[in-house]
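As written, the chain order gives the labels A, B and C, with residue 1 at the start of each chain.
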Amino acid sequence: MVLEVKNLKAHIDTPDGVVKAVDGVSFTIEPGETIGIVGESGSGKSVLAHSIMQLNPKPPTFYPQGEIVFEGKKLLQLKEKELQKIRGNEIAMVYQDPMSSLNPVFKIGDQLIEAILTHHHMPKRKARQRAIELLTDVGIPDPEKRFDAYPHQFSGGMRQRVLIAIALACNPKILIADEPTTALDVTIQAQILELMKRIQEKYGTAIIIISHDLGVIAQMAEKVLVMYSGRIVEKGNVEDIFYHTSMPYTWSLLRSLPRIDSETRNRLLSIEGQPPNLVHPPSGCNFHPRCPFATEQCKTMYPQLTKRSGDHYAACILSELEFKEAKKRLENREQEGRQKHV
Amino acid sequence: MLHYTIRRLIAIIPVLFIVSIIVFMIVHLTPGNPAYLILGEDSSPEAIEQLEQQLGLDKPKVVQYFDWLRNVFVGDLGESIYSEQPVSQIIAERIGPTFSLMIISMLLTLIVAIPTAIFIVWKRNTVLDPIFLSGSLLGTSIPEFWLALLLVFGLGVTVPIFPVAGYVPITDGILGWLHHLLLPGIVLAAVEIGLIARMLRDSMLESVNQDYTKTARGKGVKESTVLIKHVFSNALIPTTTVIGVTIAGLLGGTVIIETIFTIPGIGQLLIDSIHRRDYPVIQGVILFIAFVYVIINLIVDLLYAFLDPRIRYD
Amino acid sequence: MLRRKRNLIPFVFLILLFLSTITAAWWLPVSPSLMDSSLRLMPLSSEYWFGTDHFGRDIFGQTIISARVSLLVGFTVAVLSTVLGTITGLIAGYYKKLDSIIMRIIDGMLAFPSLLLALALVAALGGSVTNIIIALTFSFWPVMTRVVRSSVLQVKNIQYVEAAKTSGVKDPVILSRYILPNVLSPIIVQGTFIFARSILAEAALSFLGVGVEPSIPTWGNMLQEAQIYITIAPWFSIFPGIFIVLTVLSLNLLGDGLRDAFDPYAKGKRKKKKRLIKRQ
């Protein structure tokens, strides 16, 4: 186990009140493992990622509860100086928007070298050599020449490769990728995901990949955490999540995926309603106002994560069987509605 | 970059043309006969006529303008009515003190404004930021001539550290030069510091939460390095344009400050000439200052482009 | 907007200054123009709050009535340059063909530091309240033109303007009914700043002896006379200056407050991105 997050809460002070962006999240990650975190925008994924990096601006962010333990070190208690030794060195991050994540006024190579020299003392010539190696590793053609280029001379996909190279500069134990492919074309997306897998095999890095796109998660991750309004509402292996879905929110996410193999092929189902207000979250289960299966009980009782099978946990009062039946009823109703409509 | 430079060079031609028309009009389209204004109401008609001929005032305005422009092109700005010296020569004699004053106040401004802005951005979530904002607003609300009076009273008379008047050329010793220019330089800088530091702070704050600073922090780079290296270097680019604004402020300010501290520069020359109704000199000085200002703005724009690789490598 | 203390205080100050200066004749205990050579350069006292000047006049009264010209000049210049600048800015922003001509002229005018252009004009026209107003309007009007033009360029292509255009609404109507209301806030903010800067400029010109006729009391004229007495009667220089600072600061605070009130998302990423796009 390289990282353990225990009942973490990350709250943000805003003029409207305290936003409970992360509200009691626990999970662990093993060396070389890939864990996927999925959820809508505003579900707290990014705040969670930045909590692990300890890069949420403080204030307004504060951590009222919980622990983040990285190789025995409690990150929440570390001083800024010690955190700097971990950031980029042991835990590194790749961000969503490659177009703006590189400093426009510095050369690509120098930004890469900065990542190396921040943690290792070596002559600049040697750092340059290492940087070129890294650029080769992430598939930048002609790295010797591209070293002296500026970010604006690179395409989005190439910039993301550079950012991955920066993240890998010190061979970190954990790589956090926050929506790494969202801003890219579909074909480039696939290449970047391929690259990350290859890198993981070569370096044995554990990867935390954050996405709102279940397709990306399915392709990359072994374990999946589904987040909703700052909490984990379902977690398990990829198979559990995709084939034994036990939480209505996960099911809604899956239904909103464009698919070509199901009876809903002509319609994209969106999730009804708005993501919840995080200052005044709904009572009971946060998802109940949008949940097609919600009962009176859901309005008052918050369901804890309960074990479904093996490592599969879900936070819903419906058991797997009850959920299956409820789904069937709903689908039948929809079918009838459609027929009536025709 | 070459392309950009050429485009920018071409763009100043119409500006200089308009500038020349405005300068020409300022003197020639004023109510009343300039010859009257120069010689006074009760001068003899012969004298007036003679002066009109001497100044070419009897020709049509358009002809006068192009005559004047042709002379300007070869550096002939006419002759002073008061001292009968060539205007270009008078200006040349007065450049030294003005440029010295501007350089000193520019340096003072940057030396104070840059670290202040970085410090404020570093402490951006504390009470220092609103204090700084109020301070900079107050700074831009103080008339520089009044500040000059107060400082003359404080640092020149009550605690006499600085001389309150006069100028020593740098060739007579750098210390005396600096000693005489420091107080006026401080006054000029004081007004600009608030403005520049404020603009720097604003553009640094825009830059401080950009994604690339997250990348830098994610590398484990120290916050101070993030601010000085990544944020400042980006904020500097838009701030170069501010330097153009500052120089405009300083050019306007020197006129007042030179008068108060009796520094024999271009500003004092202008005010004296206005009092003497020495129109050729007024015209020459204003044209010269506008020209300098246009050229400085050109340099600033090119510097802007050079600092930004996105334009440099276009 | 006035509910915030930061905005209310300067607003109240300006109103009080305005009211007290126009009603000064009724309530000032000592007539400000009363000279008394036995009372030359007296320091502060209970009768002469700000002391007396070189003619033995009450500096407090002088300072109060001086606000008339300063406020008059500042306000008139702000209004005139706003009106002129709005018209030229709307035309330049809306009509592509006229844009380059107008903006070349404006660039040419902006090639002069504003105080300098005013100085030159006053030198030619002669110093008087009217001429100061003309000169300062000429110096500040181009600034307003630029502000209005760039705002117009931003809203010109918004869909409802496009829609009005394609449905045959006439240009003057589009400009006044569709575009003007959308660029009003930067105009008002800039107008407030011009008000403040005109007061400073008028004071500077009068101080240099090329502004308002010396017989008319203004803060700049007072300081012009006071400067030679700075060592023996510093109060003579201090109080008119404080009033300039307070008035200008109030206007600047109001301008800042207005800007915040109009633009709640003060300068975010959006502007930065826009600039980047423009540059590339």
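Heads up, the rule we're going with is that contacts are C-beta pairs under 8 Å (C-beta built on N, C-alpha and C of every residue); 3 or more make two chains touch, one makes a residue touch a chain.
Since the model is a prediction, treat every value here as computed from it, not as a measurement.
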Leading chain pair when contacts are tallied as C-beta pairs:
B-C
Chain whose Cα centroid lies at the greatest distance from that of subunit C
A
Centre to centre, by mean C-alpha position, how many angstrom separate subunit A and subunit B?
53
Computed distance of Cα centres, subunit C from subunit B, in Å:
21
Residues in subunit A with touches to at least two other chains are numbered 152
Subunit B residues counted as touching two or more neighbouring chains
210, 308, 310
Which subunit C residues touch at least two other chains?
280
Listed in rising order, the residues of subunit B that touch subunit A in the complex are 125, 210-212, 214-223, 230, 233-234, 237, 307-310, 313
Spell out the part of subunit B that touches subunit C in their complex, as residue ranges.
14-19, 21-23, 26-27, 30-31, 137-138, 140-146, 149-150, 152-153, 157, 202, 205-207, 209-210, 238, 248-249, 251-253, 255-256, 259-260, 270-271, 273-275, 282, 286, 289-290, 293-294, 297, 308, 310-311
Residue ranges of subunit A in contact with subunit B within the complex:
53, 55, 57, 59, 80, 83-89, 92-93, 95-97, 100-106, 111, 114-115, 118-119, 150, 152-153, 163, 166-167, 169
Please give the residue numbers of subunit C that touch subunit B in the complex, ascending.
104-105, 107-109, 111-117, 119-125, 196, 200, 203-204, 207-210, 223, 226-227, 230-231, 234, 237-238, 241, 244-245, 248-249, 252-253, 256, 267-269, 271-272, 275-276, 279-280
